[in-house]
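Encoded as structure tokens, here's the structure I'll be asking about.
When the chains are written out, they are named A, B, C and D in that same order, and each has its own residue count from 1.
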Amino acid sequence: MGMVGGGLDAFIGAVHRRAAGFDNEIELVCGVFSASSDKSKATGHALYLPEDRVYTSFEEMIEREKTLPDGVRMDFVSIVTPNHLHFPPAKMALENGFHVICDKPMTLNLEEAKELVKIVEKSGLVFGLTHNYTGYPMVKEARDMVRNGKLGKLRKVVVEYPQGWLSKKEEDNNYKQAIWRTDPAKSGAAGCMGDIGTHAENLAEYVTGLKISELCADLSTFVPGRQLDDDGNVLLHFEGGAKGVLHASQIANGEENALKIYVYGELGGLEWHQMEPNTLKYKTQEGQRIIRPNVGDLSASAKAHWRLPSGHPEGFFEAFANIYRNFAYAVKAHMEGRQADPVYDFPGVDDGVRGLAFIDTVIASSKTEEKWTKFIN
Amino acid sequence: MGMVGGGLDAFIGAVHRRAAGFDNEIELVCGVFSASSDKSKATGHALYLPEDRVYTSFEEMIEREKTLPDGVRMDFVSIVTPNHLHFPPAKMALENGFHVICDKPMTLNLEEAKELVKIVEKSGLVFGLTHNYTGYPMVKEARDMVRNGKLGKLRKVVVEYPQGWLSKKEEDNNYKQAIWRTDPAKSGAAGCMGDIGTHAENLAEYVTGLKISELCADLSTFVPGRQLDDDGNVLLHFEGGAKGVLHASQIANGEENALKIYVYGELGGLEWHQMEPNTLKYKTQEGQRIIRPNVGDLSASAKAHWRLPSGHPEGFFEAFANIYRNFAYAVKAHMEGRQADPVYDFPGVDDGVRGLAFIDTVIASSKTEEKWTKFIN
Amino acid sequence: MGMVGGGLDAFIGAVHRRAAGFDNEIELVCGVFSASSDKSKATGHALYLPEDRVYTSFEEMIEREKTLPDGVRMDFVSIVTPNHLHFPPAKMALENGFHVICDKPMTLNLEEAKELVKIVEKSGLVFGLTHNYTGYPMVKEARDMVRNGKLGKLRKVVVEYPQGWLSKKEEDNNYKQAIWRTDPAKSGAAGCMGDIGTHAENLAEYVTGLKISELCADLSTFVPGRQLDDDGNVLLHFEGGAKGVLHASQIANGEENALKIYVYGELGGLEWHQMEPNTLKYKTQEGQRIIRPNVGDLSASAKAHWRLPSGHPEGFFEAFANIYRNFAYAVKAHMEGRQADPVYDFPGVDDGVRGLAFIDTVIASSKTEEKWTKFIN
Amino acid sequence: MGMVGGGLDAFIGAVHRRAAGFDNEIELVCGVFSASSDKSKATGHALYLPEDRVYTSFEEMIEREKTLPDGVRMDFVSIVTPNHLHFPPAKMALENGFHVICDKPMTLNLEEAKELVKIVEKSGLVFGLTHNYTGYPMVKEARDMVRNGKLGKLRKVVVEYPQGWLSKKEEDNNYKQAIWRTDPAKSGAAGCMGDIGTHAENLAEYVTGLKISELCADLSTFVPGRQLDDDGNVLLHFEGGAKGVLHASQIANGEENALKIYVYGELGGLEWHQMEPNTLKYKTQEGQRIIRPNVGDLSASAKAHWRLPSGHPEGFFEAFANIYRNFAYAVKAHMEGRQADPVYDFPGVDDGVRGLAFIDTVIASSKTEEKWTKFIN
């Protein structure tokens, strides 16, 4: 693996590195960790990389690595830069024969996303997108239960993602995470909705297997002077008739990272909270069952994404690692000319397009006086 | 107290009687418990009432009781019939000098509600409305914290009220509670939104002290053949700029009575769940505090609505009893020509009008293609 | 009902009155509410009792009431005094033909308890003991599940009852509840163990159907100068081979009233918390089921002790009211010469003896250097 | 790092490897993963180790590695074998200049433990013991709060560790984890008490800073035919006067890995659950505060053991990784002749001796008829 982005001061770079290394399937062999050559070198040094594998631009990395022998050169590129720097390295890597795994949202805008779909298709290579919340085993179990009809035909979906960390104008406090996320040039057209609304959208579509067909959005910027939305409430219509609500916020004061989903069908309901990720509640009019990893009879998918005895909590890193491990399995299968085992699924380029389309749709909806805006796709 | 409605098979009648009697301030002295004279008598008998105080119509009750001497005749009327039978007895009681406490929604429609306001004003009598969820001590504490600026200026409100008991067509199963609630002639223009949406609306306005100014509603009827909405999702705008979401459902399969509210302001947030009513969560970026009845420093209002040592759970009946006790205090104050103590507050005719206006507004909004509908008032 | 004790400043008196009146089966008709005649009268007045039914001693009450006609005179006596004043009125009431319901522990010591058993037997009258925690519907369900073999043969029982309200020397702060509870003359030989340890013991024996056969106790008085134990840890052996732990404390700083029980058998386990009384957790190696009142298939016993739709929380008062209502049913059955329906069970004189024996046993055990002390019975 | 034990079918081996690699401070360079040479090779192969660094005995590994140049040879040995195979490789490694990190309990018996203390002292090398539960940041915070007097003088400690996975005789089901844990030759003198009772003991002493001075134990073997205890209840006395209860079980049917601790002092109480490790409850009579990683003002220690933004759950692996990382820091400091920073603490040889002494004491206590057995040290 070669990494683009993820300098020492970038929280998400270290997450990706730990996730990639977690199951001993992936080794970091090179990287360009910062636009600053000094920072890139310092990061490479701290990571015990040889100096000649620490680059100063992704272009240099891709060109140089291409010349290295099989088994030495990187097999794929991991892109963990701010959003505006996803597309260029992804495109170049794919066009030079490297698989790609990329942070979300996939690109800066929908146009790039659609172009990337074509590039991936043309390349025949593996593309992974780190919508990490779908890597939790209980999310897998939820999806499996929906697929197997345990809930019957779905009627209602509520997905909520409140955070409070941008309740004040942190972008003025030299807080790096806040600065780029509130800057349209780096983050894209949406703030909160791009950063976490897309996670909520992805989770809802993943668990239910349904696609949003139209929506009605009310985006807000509560903190004066902020350039992008920091809160949004959205009514949802899904293909097939289910309805729902999605709300996300970065000004929900005192909330940490409280992504939750509730799904209701003709036969029962499900509830899952990211902050207690190892509990899935299954409710019917006969009572409630608590579903937990490694307890009782679970789907093959839930089993394949858990490593410990029951009651030994896995968390965010392990869910993230599931995405990386599954991506690595797919890369391996590709190298060996095999089909990858579908139980090891991971988000890809289609999820990426949906995410950018979601951003465009909520923004369009938020600006119009019409109630319903068709999901732009 | 004389009661209108509340026969032996009516769940809510027994709730009102227990709530009324709970603090030994109110005695049931007469009633007309059913449109059926036999049922009314049977109920009166079961309640150990003298036969001559069990009536066959509310008109008879009001006229007869008027003739009884002070201290013997009822002081007020409690109305616990289905919605279409709220207005007529309320009007007649008030016009004959009896105070009134009435179940919600206050009337069958907004017109009646507005007329009732005038009747109450003209009478100078006390009118109470049993929006019982505002009777919980931790709801009182939440309101007090908002009022005292603990949350700063409010930004976002999420109120949700999922139930699952109408997931099937229970109105065809000879289930009395389901039958009248899904019949527009008895329930009014809304189903789920009238029955529980109004509780959510009332709770949100009560806790925040803010009024909804406009909304965007998406009501649904998921169970085929049902006459009224059984689910609704609503975007909210409040006066002063706060925004929010209200969703309520009676097809949220497996949910019991899961009314919850989340309020976020510039300084902090609050969270309260009706099913664990003795816990109020107060969240800021400094951490979370669990607020509980009779623990530490609480508002006068929270203290005035709790009876036990800490850790001895009070619940639905006690919150309901708070409404009745406070109403009784107001009646007593009226009799004695005093101002009632504002710490013993209870919902009244204005809350009733807001509730009916909310019903009309969500129905109007749900039918239009325009995004925002002004709150009809 | 005539009441002994329960003046206006006594918390538990008001609990008994509300519980007694809750289901409209019991009416308070007379009482002696305090050793002080003035206080007794003031309480009777506040309760709207006629002056001639407010007495100055229990002897006077019992003698006078005996002379009143059927239907007017009290049917039973409710005793809510501190522990040293349980036995005398209970004895006299029973010997004069009145049924008795009494707060726990039943008497000041085991001798009185054993004598009371004989008096009750001789009288043929109904005796109830307000071990109120067994009145919760989910406790009934737990007992039913154990009886029906859902857990298999029991192996382990953990019952814990931490409170923190005596962490400081409150008995020096003119705090009435603290004063008598820490005074051996009024409370008996044990403090914490008598006040709440007996509840824990009663709950464990009730739910499991097993009797403690021997135990090893470590009682402590942590607050300097306090006369009785304020904390205790006890190892338990049950008849039939199950083992367990009971610990109770009134110096568990910050705890409210956190009575909990865990029961494990060959086939599964149960968990119940008094502070969230409407949830019973049933755990097996196949997963966990959440059992809730009025949801799904429950025992006749759980159903008979719940009044509301699901999700409408009942609490401490309602559990207490279940004891009173069941006692009232038994009194009624006695009057009518019928057997009472066993589904409406309530604690009685045998539970009372077990409680006093438990107190004597833990005190004896705490003083000896031998590990195991046989349960004194 | 060179590893002893941890073949592919051993759950704990993979845990140690992931924990060791997590923070990019430690690299696995060699190992002897099984007594079977084939299995050892297969594991080495799966871990991408060079063949010549996969050994067939720990003796061979230690001797061979000694001959390798600095920077190539392993720096320390990680021992993850069943208990009877801890002491021999630890001794040899230390005597040959290698630091050691070892699974718990430290040795098969107390004699070995005491001998190991001397060996470690003589060697001057770093010794770590993976009592991993002390690696959680909220456990660190709890210890810090106790140290800083937030609870005042401690009075009561309750530590409980229920598991249910040995409710049936799994050792007859070819279940490797069960087989060695119930075999005295491999596990030592205790079963449940050695496997998880020692974790509870270590956690209690770690958080409180108090040492158990005497105890009264009641160990049981509930599953017929099992050779070692599968359940135990223990009364505790601590130096300085605090008292407590420790109970652990592997037949608590339906429990997963429910280690919990409650600590009460003169000023407040703490509660922590391993299965929700990122929540620490701090309770006083003024109310309850929820303490969470990366929220508000925390101790340096809590901060130093957390990697993510708040609300992104870390779990078992991360706590385990904290032990390894801190051990690595100490090794590094040793290499560089520096004192290690005490904020990066980890369990060591003294904890190991306490653990074995605890095992001996509970077994001795369980066999005697005397109530209190002094803690053997």
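As a convention for this text, a residue touches a chain if its C-beta (ideal position, glycine included) is under 8 Å from a C-beta of that chain, and two chains touch if they have at least 3 such contacts.
Since this is a predicted model, take the numbers as computed values, not measurements.
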Seminar exercise, completed: Chain centres computed over CA atoms; the one at greatest distance from subunit D is chain B
Exercise. Per the centroid of Cα atoms for each chain, what is the distance between subunit B and subunit D, given in Å?
Worked result: 55
Exercise. Using CA atom averages as chain centres, what separation in Å is found between subunit A and subunit B?
Worked result: 43
Problem set entry | Rounded Å distance, subunit A centre to subunit D centre (Cα mean) | 35
Exercise. Residues of subunit A that touch two or more other chains: which are they?
Worked result: 165, 255, 285, 288, 292, 295
Exercise. Looking at which chains touch, is this a line, ring, star, complete or other?
Worked result: complete
Exercise. Contact residues on subunit A for subunit C in the complex?
Worked result: 285-292, 295-297
Seminar exercise, completed: So, in the complex, the side of subunit C touching subunit D is made of residues 151, 155-156, 158, 160, 162, 164-165, 167, 216, 218, 220, 222, 231, 233, 235, 237, 243-245, 247, 249, 251-255, 262, 264-269, 282-285, 288, 368-372
Problem set entry | Residue numbers on subunit B that touch subunit C, as the complex places them | 11, 14-15, 17-18, 21-24, 47-48, 163, 165, 255-258, 274-277, 292, 295, 307-318
